[in-house]
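One chain, chain A, appears in both complexes that follow, with chain B as partner in the first and chain C in the second.
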Partner chain A sequence: MSSPEKTTPPRKRRGGDGSKAEIRMAFLFLLPALLLVLVFRVFPLAWGFVLSLTNTDGIGKGDWVGFANYTRAVNDPTFQDSIVNTLLLLATLPIWVMLPMLLAILIHQGVPGGKLFRAVYFFPAVLSSVIIGSIFNIVLRYDGSLNNALAAVGIDAVDWLGGSATALGSLIAVQLWSTFGMGVLIFLSGLSTVPDDIIEAARIDGARFWQRLFLIIVPSLRPIIEFVAVVTTIGVLTSMFGLIYVLTGGGPGTSTTLPEFLIWLEQGQLNRPGYASAISMILFVMMGGIAYLQIRIMTRNASL
Partner chain B sequence: MSRRSKSDSRALWIAAVPMFLLALSCLYPFYFALNNALKDNRGYILDRFGLVNDPTFANFITAWSRARFDEYFMNSFTVTVGAVLALLLISSLAGFALAVLRFPYRKLVFVVILASLMIPVQVVLVPFYQTILALDLLNTRTGLILSYTAFFLPFSVYLMTAFYSALPRELVEAARVDGARFIHVWWFIMLPMGRPALLTLAILNTLYCWNDVLISLLVLQDERTLMVGITALRGEYTTNVPLLSAAIVLAAAPIVILYVLFQRKIVAGIATGAVKG
Partner chain C sequence: MINLKTTLLSSAALLTFATGLSAQELTVWDWKSGDPATFGYFDAAKEAFEAANPGATVNFVVQPHDQYYTLLGTALTSGEGPDVVLVHGGAKTQSRAEALVNLTDKAENFSGVEAFSDEAGNVFALPITIQGFAVYYNKDLYEAAGLDRDAAPSSYEELAAACEAIIAKGDVPCFALGNKQGFGGEFFVSQIATSTFSDEDYAAWVAGELSWTDPKVRQIVELWVDGNERGWFNEGANSIAKFMDEYEMFMRSEAAHTVGLLSDVAHWKQFEEFLGEGNVGVFAYPNPDAEVARLPFGGGIGWAVPKAGENQELAMSLVEILADAERQAIFAVETGALPANTEVDTSKLSSEALARALELMASAPGASPHALLNPAVLEEWKRQSQSLLNGDTTVDAAVEAMEAARKANM
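What follows is the complex of A and B.
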């Protein structure tokens, strides 16, 4: 759909700005939004960068220490672990994209019960991560219902959350389980924009189901795949705090500590705001590139 | 033409089996919380996995009054309503300005607001907390309302801008020729016209605010919201799963009701970011 802006180019060529009253009103209307974003997000970001260069204890001003907090972070085993955990998490990204895509395609192709599945799959995504985490904390315990169910089919109990080999996997699985429904929805709305006649044409040619899937449907979903990949990446980098907090508390050891949780530990329990800010800045840089992609997609879609 | 080949429908039936099991697992939290909330603690210890056979509502009463979930509920409610109203008002004003009014650096302002998406609360945890302290907003509901508004604002502004820029321009132009003041255009035209988008935003932002835990842990430390209350309950009554389950049911009930009532709206809103229209 073309925006009104594109259909009325002459006004734009005149300079684009309205009367003085119009400019003043625009400023007033934008003031609350800008003020909030600047005071609570942009200014703290700049201030956080300044803090990250000091050794403040949170009360006094502290001394200027240059990039010492950053070198300390790089050499800190806990921070290194949190980065390794993040990379392990990101290595599972294909599953986060492919699973919802496959489910959405099957629903779109008319799998029996598809409408019901669509509604139910999204249900965990509307629940708070605190609620999901509290429930799975009990389900995944050594004496929890998962091990109980496994025992019924003769599988030995596993300490899902307490073992350092399984804790991260459990955390990832719970997060994936609780958010895949959102991916399904996004793919379904993308599929509704793929023209039916393309799919029909392939059917007349006698293309098989799986051929049709990979040769025709998947390529036409490329923009959606991009979007889901970007949104998922941002999600796993910044929205797992609640789940970690109640499910594993970052442990055992550091095996489920991600940077965002480490920042929380540093700022709250150890009271080293300079160091916590340095880790924050590193997380910001990691996110920056990915978020930039998201903003480009959104700007394009808003056709402003 | 729309008849499927036999191999197609067989493939779909086979796929339906794991998909059905997955759907069952998605309803499991529901079963888990309700089933355990209705047991007493002794009944739970004796039979942790079975269906409740002697349902009791005592856990709800304990959670509500003794574990102070009545207060937590009111805190969550007040803060969510306040933040959602602020978000609607502010994003509608900003969206109107960005989509309709003509002023210098329009696109830049839009990008700055969107770019703040790059600054989630984790990235500014320490300085954000210090800002809250400096503004004397620690442990105030106003502080939490303002924080939620700031952190959930970009998507709302984005959606309102996209929605308003797709409206017929004649509407606004006509109002302007008639000499209507911009504030009147916003109040009498843009706000009513924006209702579908505003409803979507109201629902989505309710979910975000109600479910949040990190910002709430930071800003409202003395009083608690529901989600913080649940994390605290886990610490205080480690073994009392029925009580915890009752608290979970209380905390999730408004969201479940919202989901059942507005499922379509939620679905459409989530998909908006990806595909326009």
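What follows is the complex of A and C.
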């Protein structure tokens, strides 16, 4: 057995010529990435913040209005509704996590046709939201396939996309359908890390399926569950625009208006980039909070 | 060495030449040039422009209609973008007037220029179509319901009686209505208000000073709800798109009426192609508080020149060609749109429905209040119109919400 002194390479002293060269080289390697972050992330963010303090119409420079756009957002019933819709969306988070987890566990347990299911579940994830929206528009509209199928069994038609009680739920269901396959794959990779011998030992000791599930598998998957929860939350808050646009247009009323859709409406349709920027900054702060949560979870689980 | 020098000089000359050429290429943004029905119009304009301006070329770029103003807004904000743009009349153009070249001196012999003008009368786009909003009805369905196929309703009571007969027949709804993006509600504003608004009302409306509690404005909300409560509209209107699901419903004879257009889509020509000439009737939406039902119309779409363009003189020359009588005649005949250029011979646009529409435009002309409404207030009305159809709000609450939106966007 060799001693540590012999295997550790000699360390250069800080402040030496070699160190400076190393720093220069490191900076050189980092430069492209730093420039990309500065030009495409930091600068637009700062520019967006400055815009949010003006009443520009996108053509002229506009006047400095301080935090008036933020005050306006707080008092805007449409923005308030979009936040309520966001909270309703976040309340469905357990479904977004539990469904792919249960399906992944079933596939992992070796249900017949598991590989086929894995592929089929993942398939919608490769479709664009506009295509998915177009498909479900045909299915869910008032004279669509679903209502025709319900009529065949004597159930009255429901205006899935046009009714205020069903529109957001329909949208969530479609988004869930289109993205849960990715969650299944993440859980499957997580399940591969659960030691088979422990499960086998539990089985020999007489533990039933549900006992093995809740006492061994789920606790082992805790870091994966947290990861999926955070990633899914960010995903649903920032990637539902295409579906909203195609399926409901934010309506009826404000039933399916989420902040990202409102930003598009204010910027693209109403020509108010100042106000749109203010809503964007609020959404950014919300997302920043979730990102902070994500980093905390990752750090906490790093040792697991 | 000589070879290198020659190569460099040749390259520089070529680059200069290429730069010169690219400066002569005009980029035009529109949402029409991809439609086969308009190919004749765009080809003729391109040919005439390139013949009149040797060395210059024009490149028509089709942009998605739904995203058009988002893309245009970004282009105008950045100070770069197309040399010529197609725009809608009303607030869409007026709110961007600051970024467009003043074309007043070229705007003679056009109808509907008001939709492309500011309050001082400066014109920012040359119109190529007249946009109108008429109620079209299916004469066969009228006959099937025991109604006189040629007796279009001229009062609210007559319309109510016609709808009662059609609903009693039980085959189809009285009106096809698509309100998924709120366009059903949007067009309804003009259907109702055009018959009662005075010049003073219009001035106050445009300035955002006409309250939604004013009886003439409140009536828009009341009649929208009235039609819904009477069962005139099809079920599920909030999940049906006006363009084109509603119109396809009407063209499949699955509804007796639709509020259609007089421009190049969803109009008499398209409806007659499906339902047959002689089977499409036209009338203006009657208002119970007005003796005469007016037909709302104004400038439809037009060509504008952004100030940020590098070739403004050339761009203006192209706009003049795109809007001249010869080119508008091609557009009108091939698409069925009503031309805005008054020098166009419209005798080739002949049909019973169109004749009736033109008669209404002459005898009972009205403006299009929805096109003059503040876009943010109009957006709120779209939302309220959906909630009213669902019964999620009341007339009073909707009027209150509209009034709040008006005050917030004055």
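Points worth noting:
Rule of thumb we're sticking to: the second predicted complex is superposed on the first by the 255 of 304 C-alpha atoms of A that agree within 3 Å, B and C clash if a C-alpha of one lies under 4 Å from a C-alpha of the other, contacts with A are read in each partner's own complex, and residues count from 1 in each chain.
Keep this in mind: contacts are C-beta pairs under 8 Å (C-beta built on N, C-alpha and C of every residue); 3 or more make two chains touch, one makes a residue touch a chain.
Quick caveat, the model's predicted, so the values are computed rather than measured.
Of the two partner chains placed by superposition, only chain B is touched by A:200; chain C is not. Look at A:163: by the touch rule set out above, it reaches chain C but stays clear of chain B.
Using the contact criterion defined above for the overlaid structures, shared-chain residue A:110 touches chain B, although it does not reach chain C.
Contacts of A:139 after superposition on the shared chain: chain B is touched, whereas chain C is not.
Once the two complexes are overlaid on the shared chain, A:264 sits against chain B and chain C alike. After overlaying the two complexes on the shared chain, residue contacts for A:248 are found with chain C alone; chain B is out of touch. More chain A residues lie in contact with B than with the other chain of the pair chain B and chain C.
Legend: residue contacts after superposition of the two complexes on their common chain; A:273 is shown touching both chain B and chain C.
Once the two complexes are overlaid on chain A, the chain A residues touched by chain B in the first and by chain C in the second are 245, 264, 267, 273. Partner chain C is touched in their complex by these residues of chain A: 57-60, 72, 76-78, 140-143, 157, 159-164, 245, 248-254, 264-265, 267-273.
Of all residues in chain B, only 1, 4-5, 7-8, 11-13, 15-16, 19-20, 22-23, 25-27, 29-30, 32-33, 48-49, 89-91, 93-94, 96-99, 101-104, 106-107, 109-120, 122-131, 135, 146-147, 149-151, 153-154, 157-158, 161-162, 165-166, 169, 182-183, 186, 207, 210-214, 227, 230-231, 234, 241, 244, 248, 251-252, 255-256, 258-259, 263, 266-267, 270-271, 273-277 touch chain A in the complex they form. Residues 66-67, 69-70, 73, 76-77, 95-96, 98-99, 180-182, 235-240, 245, 375-376, 379-380, 382-384, 386-387, 389-390, 392-393, 401, 404, 408 of chain C are the ones that touch chain A when the two sit in their complex.
Contact residues on chain A toward chain B in their complex (touch as defined above): 1, 3-5, 8, 11, 16-18, 21-23, 25-27, 29-30, 32-34, 36-37, 39-45, 47-48, 51, 103, 106, 109-113, 116-124, 126-132, 134-135, 137-139, 145, 148, 177, 181-182, 185-186, 188-190, 193, 200, 203-204, 208-209, 224, 227-228, 231, 238-239, 241-242, 245-246, 259-260, 263-264, 267, 273, 276-277, 280-281, 283-284, 287-288, 291-292, 294-295, 298-299, 301-304.
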